[in-house]
Amino acid sequence: MTIKVAIAGARGKMGMEAVHTIIKNEGMELVAALDYKEVGTTLAALDEFPKQYEVPIYTNFPELVRDTKPDVLVDLTNPHFVYERTKQALLHNVRPVVGTTGFTDEQLEELQQIAKDKEIGCIIAPNFAIGAILMMKFAKDAAKYFPDVEIIEMHHDQKLDAPSGTGIKTAQMISEVRNSKEQGHPDEKETHNGARGANFEGMHIHSVRLPGLVAHQQVLFGGTGELLTIRHDSLNRGSFMGGVTFSIEKVMNCNTLIYGLENII
Amino acid sequence: MTIKVAIAGARGKMGMEAVHTIIKNEGMELVAALDYKEVGTTLAALDEFPKQYEVPIYTNFPELVRDTKPDVLVDLTNPHFVYERTKQALLHNVRPVVGTTGFTDEQLEELQQIAKDKEIGCIIAPNFAIGAILMMKFAKDAAKYFPDVEIIEMHHDQKLDAPSGTGIKTAQMISEVRNSKEQGHPDEKETHNGARGANFEGMHIHSVRLPGLVAHQQVLFGGTGELLTIRHDSLNRGSFMGGVTFSIEKVMNCNTLIYGLENII
Amino acid sequence: MTIKVAIAGARGKMGMEAVHTIIKNEGMELVAALDYKEVGTTLAALDEFPKQYEVPIYTNFPELVRDTKPDVLVDLTNPHFVYERTKQALLHNVRPVVGTTGFTDEQLEELQQIAKDKEIGCIIAPNFAIGAILMMKFAKDAAKYFPDVEIIEMHHDQKLDAPSGTGIKTAQMISEVRNSKEQGHPDEKETHNGARGANFEGMHIHSVRLPGLVAHQQVLFGGTGELLTIRHDSLNRGSFMGGVTFSIEKVMNCNTLIYGLENII
Amino acid sequence: MTIKVAIAGARGKMGMEAVHTIIKNEGMELVAALDYKEVGTTLAALDEFPKQYEVPIYTNFPELVRDTKPDVLVDLTNPHFVYERTKQALLHNVRPVVGTTGFTDEQLEELQQIAKDKEIGCIIAPNFAIGAILMMKFAKDAAKYFPDVEIIEMHHDQKLDAPSGTGIKTAQMISEVRNSKEQGHPDEKETHNGARGANFEGMHIHSVRLPGLVAHQQVLFGGTGELLTIRHDSLNRGSFMGGVTFSIEKVMNCNTLIYGLENII
């Protein structure tokens, strides 16, 4: 069975990648694009896409559903209208796959209830990079056996925040299973401030910033005579596409709302 | 509660490490050593151990049990008599923790039955390195999402076989969940034979041998725009001790035979 | 002083990157482009470039020189006409920076002689990636002290040849200084063919191919109790631009032909 | 020609390794040991050494020289008497190879003058690990082309100081050739203090401490689209022996004082 997919946010960076990915996938058909304003009748009419992408663009969702009958709505827009659109999709029996954050707890609960009533799936994923999610999951698992852990995350030097969001998320996930422990020697001294990195509940996080880097992280676990390292390298936006494809397939086979790919991977 | 431990194979390389590890562990007491021949009355009497190791040595197991009432028998000998000794331990209600291979399927089934009847645990672990086991487990998990995988194992240059046992075991575990796939470009050519490594069901395994190396392995998974790497470095025999300690504690809380730490980690 | 640069091959992949790089560089001015056919009057007229790139395009080199008086001709075309064009540039007192191979020894000798007579510089660089060149240079240096070396090169899985050109070049450079040595244990056995990689004068080269990878290489040196690793990661074509800029500046200050950046780095 | 070697400090950890190394080396002969107190007549008489090490021990240096005529005195003692002993060796025409620090500038100048007058070599090496020295040397070289650099040094968690001495030495050597540069984005913010590591003249140094680690360092250089990494792993004391052997051979062929192996490697 071919899965019929509609997409919102096709003109964004992530969206463009997703359009190519869905069109190339043999098990999927891209039946429509949803846009908030009139930009053209088909993707083919836009500069961003090749001439053969004859996918109709709609600004009205009910109309889109009536004409093209999608199974799934992939939403890669920003957080502004995403709650309303996700609700609307569910009410039209279209399964949402949403790649953004910005839902309140109340909104998530309401969407959860609708998915349950309709008995259809809904996946909301703040992070579509399956590799990064596996890294965090494995790190959490390993921390049960190796309480001594340090995180080194490495990004391009245009990044403003340190540590990275993924670095902090990883440390949080580890701290859920790890007995609190102040690592390093009790008498260790920094002769230059900051050498030992950020201290997150006794774990140390180090942030490297260099031109040439993209987005990389390694989690190092040390035990007597051994070292276990879990590393993820994200080299371009393509790293999110595996998660998009996976979610489109998965959402067809579940009948509840899932928040975060770590819960189905 | 302190776990009372007896050890067989105390004079071997692994055994000596285990003696130190058990004696230092606050939750354990080393109550006896079992040897196949008369070597002295206590470990303290042997050159290999410090004077304060006042642990009696027995050559007769029923006597050892009667005098010292161990909860667990850690067996780090070679495969020769291990089946008989494990059976004997179970029949005396002493839980075996065995770090060797060499059991036949029939023997394992029989031991399994005895453990079940006696309702006590028995752990047989061909590999005690928790880090290495986690690496293999994570690799198997990751292969479900990333079918493209290569293994690089690196050892000292005195090693005779290539690939290493762990390298092959990892590939086997991956192939249980991975759809068979011939990796690399269909038209790729080796201008120098062997460049692409060993081909194991389409996966490639590379064996590096250099002085200075001990025992290391990395499993690399590649997807669009991303890379996930799981690496284990074993730097000395101490890397096995975590698994010994873990098994001694675990065997107290299970009432069946477990073969391979991967099944309880 | 601003260096006036002309470029041949502006519409190729490398060429486009170079156009952006030269235009952004404060010490350089892109004064002309040379094309083998009529494609437009300026780069701005072409789809590939932004409207503000008002750089005239010539098909006739003497005319280009007369009108725009370049100091340097950057040539990023294919090997076909590059010898004639390099000779012509030298004869017009324009310093060539050439990023291609395909010269015969006789041609190089002749160009060398002209550069000498004219007392102007000429740089021919089969590889502009400074990082890769440093890696090879350091590897050659290290091999004097560490005769045990293995090379792991890793590329995307669309690559056809194994080992990579850089992998072989590195091994060749090492073999110039290393006493020939058959590495590994004399009795080592491959239980799966190819595990130990390609054998290049006793050194072993391993070629990893995975989606997600771009172009990476590590050279590992092992000695008693220690390991020295030199690694280069090339993530996109931008990695060549440092070498282009470096060569444009360097060619202004030399008065001979230089073949290979390794000789001036 | 066999080089006749005497050793001071044979009973120390480094000394014991050196004794084994020299005895195994086919081009060297260990002719004597120098000790500050009466410990036995030969190394063979001591618990630390095998019975076949029939090397005489002296407490008086002139006597040692008269009886055993060494070419080289390897000194692996602590700094206390090393200046006097080195001077004495030179005055007796024995070439010193000294593996310690603690000389004043005046002392070094005086030793330098004696070596010059006597026309014999003298090597003083605060660090004998050739791999570590090559790492620092290569890092200094690379910094000329890649001004963006971060250092990650990793050690066992019993280490008290951070960053490590080698980490700081590497940064100092880089700063000799690098134009001062404050790395990272000018507006970058640490949400957790110390995440960006120690700031050494704009370079960042990160210190990882974990059980299982020994002594490791990587120096990362980032440029547009590329990354160059130089890494050294020291796994045991054996890593110093290459430098000891190298120095013994080298000191025979130089006629001046050399401070630091980086000057002859």
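To keep things simple, chains are lettered A, B, C and D as they appear, and every chain counts its residues starting from 1.
The definition used in the following text is that contacts are C-beta pairs under 8 Å (C-beta built on N, C-alpha and C of every residue); 3 or more make two chains touch, one makes a residue touch a chain.
Predicted, not measured: the structure shown is a model, and the values here were computed from it.
Participant: With over half of the numbers shared counting as same, classify the subunit A/subunit D interface as same or different.
Facilitator: Because over half of the interface numbers appear in both copies, subunit D and subunit A meet with the same residues.
Participant: By the contact definition above, name the pair with the higher C-beta contact count: B-C or A-B.
Facilitator: More contacting C-beta pairs are found at B-C.
Participant: How many angstrom lie between the centres of subunit A and subunit B, each centre taken as the mean Cα position?
Facilitator: 37
Participant: Could you give the separation in Å between the centres of subunit B and subunit C, each centre being the mean of its C-alpha atoms?
Facilitator: Here the centre of subunit C sits 49 Å away from the centre of subunit B.
Participant: Specify, in ascending order, the residues of subunit D that touch 2 or more different other chains.
Facilitator: Each of 212, 221, 223-227, 233, 235, 239 in subunit D touches at least two other chains.
Participant: With touch defined as at the start, can you tell me which subunit A residues reach subunit D in the complex?
Facilitator: Those in contact with subunit D are residues 148-150, 152, 154, 157-163, 168, 183-185, 187-200, 204-213, 220-227.
Participant: Which positions of subunit C touch subunit D when the two form their complex?
Facilitator: Subunit C residues touching subunit D: 129-132, 134-135, 138, 141-142, 145-146, 221, 223-242, 246, 265.
Participant: Once bound in the complex, which stretches of subunit A touch subunit C?
Facilitator: 212, 214, 233, 235, 239
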